[in-house]
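Some structures are shown below for you to check.
Here subunit A shows up in two complexes: once beside subunit B, once beside subunit C.
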Partner chain A sequence: MTTKTQPVPPAPTRPPTDGGRGGAHAAAHKEVRIFSRLGYLALIAWTVIVIGPILWTFLASFKNTAEIFSSPWTMPAELRVENWSRAWTTAHVGQYFVNSVLVVAFSTAGTMLLGSMAAYVLARYSFFGNRLVYYLFVAGLAFPMFLAIVPLFYIVKNLGLFNTHTGLVLVYIAYSLPFTVFFLTAFFKTLPTSVAEAGVIDGCSHTRLFFQVMLPMAKPGMVSVAIFNIIGQWAQYLLPVLLISDQNKYVLTQGIAQISINAGYQADWSGLFAALSMSILPMIVVYGIFQRQIQAGLTAGAVK
Partner chain B sequence: MATVRYDKATRIYPGTSRPAVDGLELEIGDGEFLVLVGPSGCGKSTSLRMLAGLEDVDQGAIYIQDRDVTNLPPKARDIAMVFQNYALYPHMTVYENMAFALKLRKTPKHEIDVRVKKAAAMLQLEEYLGRKPKALSGGQRQRVAMGRAIVREPQVFLMDEPLSNLDAKLRVQTRSQIATLQADLGITTVYVTHDQVEAMTMGHRVAVMLDGVLQQVASPRELYDKPANVFVAGFMGSPAMNIKKVPLTESGAKFADMILPLERSQIEAASADGGDKHVQVGFRPEDTDLVGAEDGGMPIHVDLVEELGSDAYVYGTVALEGQDERIIVRADPRNAPSLGDTVYVKPRAGQHHAFHAGNGRRL
Partner chain C sequence: MRHGRYPFIVGFLAAPITLYVVFVIAPYAQAFYISMTAWRGFAPPRWIGFDNFRKLIDDDAFWKAVSHHGIMLVTLPLVTIAIALFFAFLLNVAGGARGGTMQGVWGSKFYRVVFFFPQLLALPIIAVLFQTVYRPNSSGLINGVLMKLGFDPVGFLIKPNLALWSIIAVLVWQSVGFYLVLFSAGMASIPKDIYEAAEIDGAGRVTLFFRVTLPLLWDTIQVAWVYLGIAAFDAFAVVDVLSVDQGGPDGSTTVLAEEIYRNFKFSQLGYASALGVALFFLTLTFAALTLRVTRREAIEY
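Entry: the complex of A and B
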């Protein structure tokens, strides 16, 4: 406590300054409101653009071809579930679906395992060439896939992996690593060093420290990148077209393309939309389940 | 239980020329509670981390119980550490946090259980064993961090400012708990803090560091009564000791109109080594008396009075060699002077400290 026993001088009287600034303040406030309204408008437009086509596809998958063309903007007259079963069996979408799930499951698992290990080492160990390796990965981000098509084809072929799912999985992993490493390196850097040190003092080896201490802490970031990779690899079209030619080994994107190519004059539009819906659904489910973690991952480190 | 010995241990961070810890020589006895204290950047944490094995030792060596641990990894040193931000594993429960190190050592399950529960009982954590750290308060997290160290039953405890994230009241409470706990367990402890009150109250001995160099190691009492140099004198004690550079006369130090008597040997030592006919003298705020104007004290113009309840500290200025210098003295809180008063202050006889004007060493 501080005591001042001297008489306190009266506070200097100041002319009220509010009058001059009040107007400007209100104007600024108005501006903010206009911007936030514009923001909402943009978000609404964005929502319509994203959800509209998906919804339209779903509705169309229950119509028949005539209905799709005669009344594209109405609800289906009846729920023609046979479109879905026809697509699943007759158009082999079931087979393609299983192929896609297998390929994406293995490639995502591989990407996450290798990517997290690489990112962890790049983020937390200093060694000669660390930056170089990191920048090589970052450079991979900027490398257009089309440039790699021809060499990639020959590499995979020479490895004897042409027309195999293993080959596709390996290429997916290679293709997904740059972003995964880039993102996770930043994420591992935000994790507190002292927890790692506590692990070291408790007696962890490097491997155990990674798998039992650091990796669980990186879960939000891992989930975000995993979802990103799953969606990206699920929707991949160019690479399967390049590397898989056997129809039995087609992935979903190829299968769907097959339906529209085979259509000719007698197109099965409703079957196509049913197949499309089947390919969209799993991604919506995955995203819905992990949405919370994605948000946590994207904002991690922003605020403590 | 073990002794710890730093033998000229030096740490130079890559890319810097000045050592962060410079030739540290320090022996810590079995079961001793040693506090490393100093301002931020003085090398105290680095010294601790060198002992933990988290920091390389560039020169010299470190021994735990006469075993050279300089190049051993942390897990081979049989130490446990409490971190400033606790560094709990966020994805593990309190129980798992405390059991983790034992699990890594392949301790039998039932023994882990016994030890964790015992530590939890000691720290009043029993009801929180199933919780994750984020569901605990700051004080509880701090206790979990302590518990994690205790269950290890290590040879040495290392604590890196374990109280600085607690609020003031809890800090005082936990301070005494840690001291009691250490006394009960009898495990050699090295404790780092920047807070001289913690150092004084907790340590059996206190090591004061500045700029990577050990300044003095002594019991809190000795450190307070016989500081080895100007830095230690100014660092230990709150409010700080009044230390001023004043002219040297034949009988002592000329402080305003007073002569603070110095011994013959002190005056000789002060004159040597480029003493420049000056000496630094210091006296603590509580080693003073307020006297009447005619009793020969130095006149002090009061700028500020801090009332703490038990004490009142008077901040004022005195003219020394034509310059206004700040002086702090303790006064009777029921009879404290007021702002703007002039009071007369006399340091108590024999309670002042003298230091060399140039190198700051105690005379």
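Entry: the complex of A and C
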């Protein structure tokens, strides 16, 4: 379900259709012109609304405080790179960034491994309790996470996992399973059975069949869900705020929110802009490279 | 090779189910019990029946939060879907038919890529971004411009009657691109013959939109409404980071999630869970109602 438009070969021009109805068509033509002019205006306006704040943040990250207060559109007098290095080290953006990357790398890998295993078994094997397990997972989609926070906090604490990245990773995986299992079960069901049967005849074990035959076949679905999970877990705010209190272990979302509060006390606005730019820039790079896959992956859930 | 079937099934399901039961199912189940107790975290929870829910009925903060959800539930989907549909139509259909498919206006691809980008940014980071955009003096983006043009600065997040709208605007800012792409996928699957037939009958762009695109896209719009509605029941990250005093000024932007978290921090654990139960039933009611109300005859094409 990509949204790419196929490149079209030079088209045969449409035969004129206004034979005998010139008046109506001219009116329609005028309407088209007005409509598309207004349309362009709206498109350009929204482009400015989307890009404006981000561009302004990047500019401001090189300014000093006086420049930030003087005018929103003046350029910085010089490229003050020290704002960036101050944010990276003194404000710990670097640390938060590394924490986020580590946590999301492990949790997405874990989600995909455990999610695909469960989904595969649920989609391809009939056994007593299959439906029950499936609905147990899917039911998780109906509950707001906020309902769980009080008991979850104590469960994580009693397991000795409070304030650890391990705990955060495990909880991320657990809360990503409902959607992952739901999506991948449907996906495994669509895969042809003949290849698997051939593998069985060749004496392939169930486990090998999964890892060496089925998983490679499920790659498109896996990629979509992986992207969905990476972006979801990267943006997670409630769980880290709930489960991590040691500043050195903060993830990026939590860290930037903290820096924003501190910037208020220290009036270090340029540092805040630099920290913000640092957290936005990687997303622009990643988006530039994987733009099509990301759009497909994020919307896949809604289309299903 | 029937042998090894059950060990395999159990082996593959053990880890995911354990993790899921421990961290997801168990907390959800316990939350319903805790909502019936008085619990501060140290001594064991004490059963008090429905007292927390009685307290909730008299709690101003709760009703404020619910009314904010009500406002967001209507405005967030309405505004987001309207803007996204309008742009999706421009980018997919408004350019007229060319070589077998309906085309968007010139530069469609560029706009789609740009508009989608905010979806990638984490909400807390967007919230910090807009904290700077909304800042009430000349260092804020909007007020910087306004003051240069000679206007008085506007306290977007400070004025109680403006703060919630400023927050909704941020959510719209983030969401439009996602729904634009979602609607584009739906529009791409509408055969162009239908448009051509309508055009030959003299239908203009506006008629095309309301008489062809909108009805054929109804299912997708319904999905969008449910998604945005669920987002309107959350809004925690934005409210917590962006608003003054986490839900202020004076509770004018608070949401249930924020109240749950506040009570959790103050160790009002039973009451926090009761608010969670209320949120659960509100979300569920909304989802059921939406599906019921918006159900229409599917149009085959």
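Everything that follows uses one rule, which is that the second predicted complex is superposed on the first by the 189 of 304 C-alpha atoms of A that agree within 3 Å, B and C clash if a C-alpha of one lies under 4 Å from a C-alpha of the other, contacts with A are read in each partner's own complex, and residues count from 1 in each chain.
As a convention for this text, a residue touches a chain if its C-beta (ideal position, glycine included) is under 8 Å from a C-beta of that chain, and two chains touch if they have at least 3 such contacts.
Source: prediction; values computed, not measured.
*Asks:* Examine A:217 and indicate which partner it touches, taking first as subunit B and second as subunit C; both and neither are also allowed.
*Replies:* The answer is first: A:217 touches subunit B but not subunit C.
*Asks:* More residues of subunit A are touched by which partner: subunit B or subunit C?
*Replies:* Comparing subunit B with subunit C, the partner touching more subunit A residues is C.
*Asks:* Just to be sure I read the superposition right, which of the two partners does A:203 touch: subunit B = first, subunit C = second, or both, or neither?
*Replies:* both
*Asks:* Using the superposition on chain A described above, determine whether A:194 touches subunit B (first), subunit C (second), both, or neither.
*Replies:* Only subunit B is touched by A:194; subunit C is not.
*Asks:* So in the superposed three-chain picture, is A:132 touching just subunit B, just subunit C, both, or none of them (first/second/both/neither)?
*Replies:* neither
*Asks:* On the A-aligned overlay, A:253 touches which partner chain: subunit B = first, subunit C = second, or both, or neither?
*Replies:* In the superposition, A:253 touches subunit C alone.
*Asks:* Show which residues of subunit A both subunit B and subunit C reach, each in its own complex.
*Replies:* 1, 3, 5-6, 200, 203
*Asks:* Once bound in the complex, which stretches of subunit A touch subunit C?
*Replies:* 1, 3, 5-6, 8-12, 14, 17, 21, 24-25, 28, 31-32, 35-36, 39-40, 42-43, 46-47, 49-54, 56-57, 60, 68-73, 114-115, 117-118, 120-121, 125, 127, 133, 136-137, 140, 142-144, 146-156, 170-171, 173-175, 177-178, 181, 200, 203, 205-207, 210, 231, 234-238, 241, 252-254, 256-257, 259-260, 269, 272-273, 276, 279-280, 283-284, 286-287, 291, 294-295, 298-299, 302-303
*Asks:* Which residues, counting only subunit C, touch subunit A once they are in their complex?
*Replies:* 1, 4-6, 8-9, 11-13, 15-17, 19-20, 22-28, 30-31, 34, 41, 83, 86-87, 90, 94, 96-101, 103, 105, 107-109, 111-125, 127-133, 137-139, 141, 144-145, 148, 173, 176-178, 181-182, 184-185, 188, 199-200, 202-206, 223-224, 227, 233-234, 236-237, 240-241, 256-257, 260-261, 264, 269, 272-273, 276-277, 279-280, 283-284, 287
*Asks:* Per the contact definition, I'd like the list of subunit A residues that touch subunit B in the complex.
*Replies:* Subunit A residues touching subunit B: 1-6, 192, 194-195, 197-204, 208, 213, 216-217, 219.
*Asks:* Please give the residue numbers of subunit B that touch subunit A in the complex, ascending.
*Replies:* The contact residues of subunit B facing subunit A are 52-54, 73-75, 79-81, 83-85, 87-91, 100-101, 104-105, 148, 152, 304-309, 336, 338-340.
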